[in-house]
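For reference, the structure is listed below as structure tokens.
When the chains are written out, they are named A, B, C and D in that same order, and each has its own residue count from 1.
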Amino acid sequence: MYSFKNDYAEGAHPDILQKLIATNLVQHDGYGEDEYSVEAKEVLRQKIQNPDAAIYFVSGGTQTNLIVISSLLRPHEAVISANTGHIYANEAGAIEATGHRVITVDTEDGKVAPAAIENILQAYLLRPHVVKPKLVYLSNSTEIGTIYKKSELEQLSAYCRSKDLYLFLDGARLGHALTAEGNDLTLSDVSRYTDVFYIGGTKNGALLGEAIVFGNSDLAKDLDYMLKQKGALLAKGRLLGIQFLELFKDDLYFSLAKHANKMAMKVARAIKKLGYDFLTEPVTNQIFPILPNDVVEKLAKRYAFYVWKTIDADLVAIRLITSWATDEDKVDAFIAELETASVPIKR
Amino acid sequence: MYSFKNDYAEGAHPDILQKLIATNLVQHDGYGEDEYSVEAKEVLRQKIQNPDAAIYFVSGGTQTNLIVISSLLRPHEAVISANTGHIYANEAGAIEATGHRVITVDTEDGKVAPAAIENILQAYLLRPHVVKPKLVYLSNSTEIGTIYKKSELEQLSAYCRSKDLYLFLDGARLGHALTAEGNDLTLSDVSRYTDVFYIGGTKNGALLGEAIVFGNSDLAKDLDYMLKQKGALLAKGRLLGIQFLELFKDDLYFSLAKHANKMAMKVARAIKKLGYDFLTEPVTNQIFPILPNDVVEKLAKRYAFYVWKTIDADLVAIRLITSWATDEDKVDAFIAELETASVPIKR
Amino acid sequence: MYSFKNDYAEGAHPDILQKLIATNLVQHDGYGEDEYSVEAKEVLRQKIQNPDAAIYFVSGGTQTNLIVISSLLRPHEAVISANTGHIYANEAGAIEATGHRVITVDTEDGKVAPAAIENILQAYLLRPHVVKPKLVYLSNSTEIGTIYKKSELEQLSAYCRSKDLYLFLDGARLGHALTAEGNDLTLSDVSRYTDVFYIGGTKNGALLGEAIVFGNSDLAKDLDYMLKQKGALLAKGRLLGIQFLELFKDDLYFSLAKHANKMAMKVARAIKKLGYDFLTEPVTNQIFPILPNDVVEKLAKRYAFYVWKTIDADLVAIRLITSWATDEDKVDAFIAELETASVPIKR
Amino acid sequence: MYSFKNDYAEGAHPDILQKLIATNLVQHDGYGEDEYSVEAKEVLRQKIQNPDAAIYFVSGGTQTNLIVISSLLRPHEAVISANTGHIYANEAGAIEATGHRVITVDTEDGKVAPAAIENILQAYLLRPHVVKPKLVYLSNSTEIGTIYKKSELEQLSAYCRSKDLYLFLDGARLGHALTAEGNDLTLSDVSRYTDVFYIGGTKNGALLGEAIVFGNSDLAKDLDYMLKQKGALLAKGRLLGIQFLELFKDDLYFSLAKHANKMAMKVARAIKKLGYDFLTEPVTNQIFPILPNDVVEKLAKRYAFYVWKTIDADLVAIRLITSWATDEDKVDAFIAELETASVPIKR
């Protein structure tokens, strides 16, 4: 069996493990005060071209989301998210557990647009009987594999600033977004257009770890306290610093993401060639082809993946995810198997 | 400079890193469903001689404390802790942030006794105007290096059960406690006498990781949801499973702790021989000698440690911590330096 | 101007004020231990034919909802409500502020049905990445004036019990529901079919006050602590006890609600006669006629009411609310004005 | 039996009840938008000589405390209070339930002094492992009957401002403080020296109700949302507005408090004359005489009061509370009984 279930089925990129070994017995201060963390932050500040950015490393995405959001909001303030947003669909109520409603907007493509936010603001006017929408949460790439164009993020940013809303971008798969075909955003753009975002390490080659970036460090006031309070301050913070240093000092992060995307696109092209459709246009390492039940059954014998959605009596959408570790031979074998299993469909 | 500031200044025991490398590219399910985690839990259940224990791996101690406590308590219930307890003194209000008061008892030795709990219960009788004490939090070894004897834990356990109080033991340094001179507790005893406890990996050879153990799995009902909600469920849960498997399959965990204790005792004996006192009797890897200011100043030139408490105009207590990674040569050099710096004190 | 905006525009029924005066200088214990509260609870237990019910008086509906729900749920558990439910639409995130998601179901009539709950349960299967639905919240009468039939509540009750879900009924306007045309529920039925419900005083003749009723007192364990913690335990609890005693000792509560319904039905019949439609079939003291803009404009000169929803370019739905204090002369005048303003519509 | 147990054993001052009756059927907007509330706020702004003050009426003290504190603090911030402070000793963990630690200072007289705050700040320096003290909570009069002098409040205010700490004064018994012998504070002083305070109605003649006053309305930003979210926004807000208007338009509030104090002082003088001591010097309507057990037993046959503290084998301190409603004849009878029961003590 080979798994296309997710992008965290393997460990870490070997360079990271080597670096952990090389530095293992050097003594360092704890809680993120080690020199690797300090240096990794400096490297990231250069990448985003913002020497004043406030940067923090934490162990996972849910932790990041709940800390960032609860640190920015007052008790009566709420978050706006796509209904597919990770904070709404996959985090066991982490945001509500900090006291804040997540208001969702229905989307086809997993993306939030100014018009949808405007509808929410209009629906929440009856002060003080309603919550006050105050933060917009985005994911890039989204939970269904799509990406934001520069113009879209720019418009969202301008809209949010005009309405005094914070804009927070979840970058669990930011590497995949920024190296996708059709992407025109840079890491620096992401920083400039948002109030805060994070760069996901876990799903792109690290053992664990996400980097939270506040372009405006005023918004990060006292965040260290909140990291500690929520259990996010690792005693051996070096573990996160070393990994991000390794990922970013020579742009390993981006080459890993490119590989994942390349593998996904190879599969996607083969699927298209066979005449199948997709739930969303494939551009990153998560693709959602719609396949006949019998084809899916055959594939499932040798490959692991999620069945995402029943389309009709004959068809289902499945989710295939590739990663920095995906073996091209396995991809080729999967394609061959798919071709064998398929009776090409007339479109 | 050599550091005796804490037991998390280095990385992980080399065997752990080797195991991470050896398993790195094997694909596994995420979120703790990997086979290493499953096997590590089985090994731990055998160690504590309780096949029904519910076990969970998380990344750090504050996270463990806040999840365990908030999962067990209803909104009006409170925790009793020593005033030196980590949850009160060192976790940025993590417990209160989940809605619960931490009621402290003053102690000299960092330990909680039934009489102190009884006093609290008597002070919290004016229902419903007060909170309801419901959980007793202990650390073993304590934050000031002391340990519980079997008879003490047995009495606490009986007392708590008689008063319908949960007993939760923070084992961030449980290895050091259970391998200390004078210890008469086993891991199995700890499980039997408490409702829930955790085994600390971070301070005893792991990169990160703590194992939460509920002897009675009924108390752990739905804990998986709470792990996810608080951001404690690592996507690459294998990272924790592999480490605990390596630490416990051949009792590496205990030999590492023994080394740390041995190094601390070597220093402690030398200090005693020089006629100095201690804040608390040294038995584990944290010792608190009381030294003259000038001696401390000389030592501070080559060794890092915390100045813990001013005793009087001439004397301060310092905290020295050793670990699995402490180099005996450095310990010997420290002792030599101390002897040179000291004018032996008549007692 | 005469107001049909809500059912809390006036003070309290005069009998209540007289009783407050008559008892004013009698000394009583505070915090609900007064004899009026004790007696009022006894009267209510008789009305619901359940001598073991646990009953508490608090000052308002939002307070009731947040206390009941947060007392019953563990941190990862969630509530299911109609999207029109007061806890979702009108309470400024009170439930989320206690840490729990409110999952909504879209409804036309403001009512929750087993099939809708089933859909939610199916959508929340991906444990532990999702919250766990655990409590169903209903209002009777609903926020849009509709009521539950006995068979509906019976089915909901059976469904919830089969799925281990709590059933909580918000009775802010329970009097209006139980005295509506077509109602076949009794107070005792409401208690039997739910786990907990409340009887609203504020909107039916009291100055303030709601009675929380747990048919099974086990579920109310330690609720007194939670009332105090959330600021709901009035020092002069007599104020609530006296009012509920007065409302229930001779069924004043029901006669007040009947008057409100009667006034609303009189208006509704006149509106129907003029050929207008309603958003929901009028049965209680909240009615939602759909009227031409120009008619609404004319009425608005002498009567206050909410414009509820734009239907099309010509029509809007308005909300008219009557109460125990509604003056029949004003109702007649309103009807006359409406008839004058209207050009009867052919249907 | 006559009760000296508390100052909320009776209903409301008769003028208030009359006003409720007189206004009962006038229709008003709900949720504090009624004209009585608007006018009462205006009267209070004049009394404190601050036309910009933001004022809110809520139903009780615990509610006030939890709303004010949770609206001002971020998640990692904590409160400093006397150990006798109502928020610590009597509110069932209401503040912790909103996520914030209450740090206590031990006091003999129930008052917080700058030196005690300074000690706390010094003990909470180890950022980010500790909470951040951010708000100082005082009561005036205190829970043990003492009052702040103008110079004390002035110094506290200057100290708090120099340390960027909020100063919040709980005025559940502010009337009694401001009319006590030896008081030199005015309502306007209280507003000027604090960031926010409240004026207690419940314990001084109202059925229920407290007025929250923010001298600087910027600090009250969005407080209306938080009132609603915590269940503190009464639908019939008129009930609070009418009462505060009645209490303050002709200074009834102060004359009621004076009566309560006068009655307490009459008792206190008699007790002193008999040679007994007090736990704290009696100046307001709460006094704590230390009496022989047998005297207490005799008094307890006809009078209700709390036994506060055992002093030694022979003596106990009791708490006697008088109120606006205390009958001077009963006071005289109590004194006579006490004289009869006492064997005068040589001091």
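As a convention for this text, contacts are C-beta pairs under 8 Å (C-beta built on N, C-alpha and C of every residue); 3 or more make two chains touch, one makes a residue touch a chain.
Labels paired with UniProt names: A, B, C, D = Threonine aldolase.
No experiment lies behind these values; they were computed from the predicted model shown.
Chain centres computed from CA atoms place D at the largest separation from chain A. The mean-CA centres of chain B and chain D are about 43 angstrom from one another, to the nearest whole unit. Rounded to whole angstrom, the centroid-to-centroid distance between chain A and chain D, based on C-alpha atoms, equals 51 Å. Centre-to-centre separation between chain C and chain D, using Cα means, comes to 34 Å.
Annotation for chain C: residues 75-76, 91-93, 97-99, 128-129, 131, 225-226, 228-229, 233 touch two or more other chains. Taken chain by chain, the contacts link every pair, so each chain touches all the others. Residue ranges of chain A in contact with chain B, taken from their complex: 2-3, 5-6, 8-12, 14, 17, 20-21, 23-30, 59-67, 91-94, 97, 202-203, 207-208, 225-226, 228-236, 238-239, 325. If you check the complex, the residues on chain C that touch chain A are 75-76, 78, 89-93, 96-102, 126, 128-131. Those residues of chain A lying in contact with chain D across their complex are 70-71, 74-76, 98-99, 127-129, 131-132, 222, 224-229, 233.
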